[in-house]
Amino acid sequence: MKNVKFSHLLEKYEVILFDSYGVLRNYNGIIEGVHETVQKILERNIPYRVLTNDASSGPNLLSQKFKTRGLNIKEEYIITSGMMAKSFLSSKSINGKVLYLGTSNSSEYIIEAKKQAISISEYQEYNFDEIGCVVFLDDEGFNWSTDINKVVNLLRKKTIPVIVANSDRIYPVSKNEVSIATGAIAQLVESILIRQFIHFGKPDIQMFSYAYDDLINEIGEFDKSSMLMVGDTLHTDILGGTKFGLDTLLVLSGNTSLANAESLIKSTGIAPDYICDSIKW
Amino acid sequence: MKNVKFSHLLEKYEVILFDSYGVLRNYNGIIEGVHETVQKILERNIPYRVLTNDASSGPNLLSQKFKTRGLNIKEEYIITSGMMAKSFLSSKSINGKVLYLGTSNSSEYIIEAKKQAISISEYQEYNFDEIGCVVFLDDEGFNWSTDINKVVNLLRKKTIPVIVANSDRIYPVSKNEVSIATGAIAQLVESILIRQFIHFGKPDIQMFSYAYDDLINEIGEFDKSSMLMVGDTLHTDILGGTKFGLDTLLVLSGNTSLANAESLIKSTGIAPDYICDSIKW
Amino acid sequence: MKNVKFSHLLEKYEVILFDSYGVLRNYNGIIEGVHETVQKILERNIPYRVLTNDASSGPNLLSQKFKTRGLNIKEEYIITSGMMAKSFLSSKSINGKVLYLGTSNSSEYIIEAKKQAISISEYQEYNFDEIGCVVFLDDEGFNWSTDINKVVNLLRKKTIPVIVANSDRIYPVSKNEVSIATGAIAQLVESILIRQFIHFGKPDIQMFSYAYDDLINEIGEFDKSSMLMVGDTLHTDILGGTKFGLDTLLVLSGNTSLANAESLIKSTGIAPDYICDSIKW
Amino acid sequence: MKNVKFSHLLEKYEVILFDSYGVLRNYNGIIEGVHETVQKILERNIPYRVLTNDASSGPNLLSQKFKTRGLNIKEEYIITSGMMAKSFLSSKSINGKVLYLGTSNSSEYIIEAKKQAISISEYQEYNFDEIGCVVFLDDEGFNWSTDINKVVNLLRKKTIPVIVANSDRIYPVSKNEVSIATGAIAQLVESILIRQFIHFGKPDIQMFSYAYDDLINEIGEFDKSSMLMVGDTLHTDILGGTKFGLDTLLVLSGNTSLANAESLIKSTGIAPDYICDSIKW
């Protein structure tokens, strides 16, 4: 592991994958130095993608949020875990409606996959027969105690695919506070049913594979060894990037402090190739 | 495994431990045949105890509920997992108040241990410094989404003992429906924090050990091999009884059907010594 | 789930992915009916690939074994989990030699990735500094008690990537007997170190993704919904295929009997779209 | 947590429980200062017990080893996890012989429980029908690759109790090296069979309960709050003692360094009441 400046790595790597939260933005807005770095990347035509464990809304909305804050990240360059769920729903035979836990924003992934969506908050016992799939999209948009119990009881009686469109278990809501995320709610249901659902999102390599194929379409064949994954979380960004065969950079502008990083790398064995404070130029 | 009549086993075993839910009562009231069996046990002076994974209220209230339904089970013969938590709180040094998740009924265990109780629904950030212990008692009495997040954030910042006074993950609310229980909520928080809390209740042997000591006080020394554990759940009653060195009887009047029993015994390896429909005489 | 004849599914699906062990061959040789089915597939020019969790030797040797038994499966059509490990070793920066557990046949994956290989059975303490990566390839070729301890002690002191080139935990050696496989040995070391290694092989989608890209190169763009995964194991073949968005067929010619299948599908929630006895025409 | 001198704690606590390895002795012999401390304890008649996760031989042999090294620890004061297994085998109905993994020294626990013992290294397929129980006692006395496979295949076909008489997963063999222990081998088999065996040893409270009852027999009733558990390992000694309701002292003369202790306490939430270098007076 080497401590480096982000800009120096661009001498070695030609293509960059960024995590979003903790790398580009946080609960406060755009992270210091990121406006300038994105500007340089655009000027130099460096191919990049943003890979985010997010199924709360589509890439169009995420792109708009960046633009509102002065960051020019194209919708087409944002790859969400929700898109992996959408791809699953599109290709796989589903017999019936897709029951979802999340807000109506999140349900767009289902509708775009040309499936019928029904929210857990609307679900009644008489809907039982028409459900063909369950999707965990977001931690909001439903009542935790009543609606999670509904899902448990439905899945005790029915063997249908269940997908988790974002496996993150917490997300930061301020400097020191976190909130329980979709992945943890899904895991609660899994542990009660003693089942393992189908999970999308980093560290799974599916988003990396999608990004790689997409970049080859844009710039032609290139070697994975010239692509760098940049993230703030060891067990999603760094593990996933490593597993896909990429070199990785851990930035300390998000989830992980330097002291934390050192102790976690030792205890988990997940090691980035480089560490730096942020992607500030 | 032998299929037997419960009354025949009383020729071999002199002391009986009963689980409560699924053996004596269910969502409908007292299980058919139980009134008569308890009557016979009282007439013959057969020493017994009731071991229940329950921290929602004290044995006095549980005993009253039995009596209301015509079953004469003395308060002193009921051993709850909440009592194990109370014993922990009594003997162990705790520096501060005990924060609990549960109803005010459940908080009696804390008060009887002579500790100060504060409900998670009343907890505010300014209480942070005064908390010395967290106890999961019941799944009711608080708001799941806001209050579970409060516990997560408290425990991310403070290393204090956390105890789970009932590790059951679900409980039946009708013939076909279950509800998420304290144990599953605690497990959700454990998985987010990557910590293991201190759990009380079967299959842990603590309640069995308490019952054994208590019975020796009543009837004098006797050998464990003359005591039988009766329960409806393999991974709590049967596993716990077996681990404590007891022979065990699985009854099919609760959680587990015969088909289920056979497949679960095969897949888990947890095998009762006997199986019967219920404790009907 | 529908019970079908394999040949009827070829009216609906145009591209087929086969698992090897339990679908094409078993401990006895080629499974009954497979010679004829493969013949039909070749005659009709149906595009296919064989996906096998195997890192004990390269696809050339596996292809030869098929040919010796009269089955014409081209080397280029065989995709092994060892190839995923090779791809990782090729693209990812590794600082030093690759220490492997396995036979010398299995080490070819390392050599083809242009890395230096050293067997755990040759490893001595003075090699400590030169090791940059550890790979679990096969359960043979080393002494379990002494050499697994060597790996544990090495990894307690050194934070380097560890990859598991075949996550299967057992493999059948006769009709009723199994043998512990690489994946279980790796898991033993993971549980001792409380670390998670990088695993390759089904149910991970990497091999599916590789097969899909490879087939597109051969026959041009096609939709995932026209591709069928055929396997005998729910938690590798069927789960992996489903996760990649494919419809799946469970065959009963290998690991899983019909009674087993029904109980496992219920308990795990992993459900194939179709079930049949074997791929016999 | 307070940093203290061990001798000062004897002003507050009247009864002491010691772990053996890392507290009294290590790979080098008796730990510095322990001879004098044990001498003081004997002179002052302080009631104590030694609780050790060990099923490799009986307390008589362990006591002899202490005496050979000049430490006067009576056999009756040593409580091993093997004794818990022996108690299980004595009280619980077992139909057949007890198959064990371990040396012949370890098999004494079975013989003292008046059961017939058969070593896995002698086990042949024709013994299949006569086996009524399997016990993991020690990591030596058998061939890992062949004999662990024998156990796996036996237990795939037979539903009988399996007990793990020592759940420790590693033990130190020198300052920097460890060796895989019985608990890890048992866990390997559990993970392959997807079953949970019956485990004895700390952190389970059974040995604490045994020690408490035994001490009451010796000195009469006393309160748990006057008893201190002393150990070098957080997840066995400190967790188990805490769970039993005891105050605990972590010593740094064994498994856990100060830096390690602080980071582990933070990450696991298992916190001792006191920390000191060793039990040196």
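Which chain is which? They are A, B, C and D, in the order written, and residues in each are numbered from 1.
Operating definition for what follows: a residue touches a chain if its C-beta (ideal position, glycine included) is under 8 Å from a C-beta of that chain, and two chains touch if they have at least 3 such contacts.
The model shown is predicted, which means the values in this text are computed figures rather than measured ones.
**Student:** What clusters of chains are still held together by touching when subunit B is ignored?
**Tutor:** Drop subunit B and the rest stays one piece.
**Student:** Give me the C-alpha superposition rotation for subunit A onto subunit D, in degrees, nearest 5.
**Tutor:** Rotation angle between the two copies comes out at 180 degrees.
**Student:** Sort the other chains by how far their Cα centres are from that of subunit C and give me the top one.
**Tutor:** Here the answer is chain B, farthest from subunit C.
**Student:** Please work out which of C-D and A-C is bridged by more C-beta pairs in contact, and write that pair.
**Tutor:** A-C
**Student:** Could you work out how far the Cα centre of subunit A sits from that of subunit D, in whole Å?
**Tutor:** Subunit A and subunit D have C-alpha centres separated by 44 Å.
**Student:** Once you find the CA centre of subunit A and the CA centre of subunit C, what distance in Å lies between them?
**Tutor:** So the centre of subunit A lies 27 Å away from the centre of subunit C.
**Student:** I'd like the Å distance between the centres of subunit C and subunit D, where a centre is the mean of that chain's Cα atoms.
**Tutor:** 40
**Student:** Give the residues of subunit C touching no fewer than two other chains, as numbers and ranges.
**Tutor:** 267
**Student:** Touching subunit A in the complex: which residues of subunit B?
**Tutor:** Residues of subunit B touching subunit A: 139, 144-145, 148-149, 152-153, 156-157, 169-170, 176-180, 184-185, 187-188, 191-192.
**Student:** Subunit D touches which residues of subunit B in the complex?
**Tutor:** 87-88, 90-93, 155, 159-162, 193-198, 204-206, 209, 213, 223-225, 239, 242-243, 245-247, 265-271, 273
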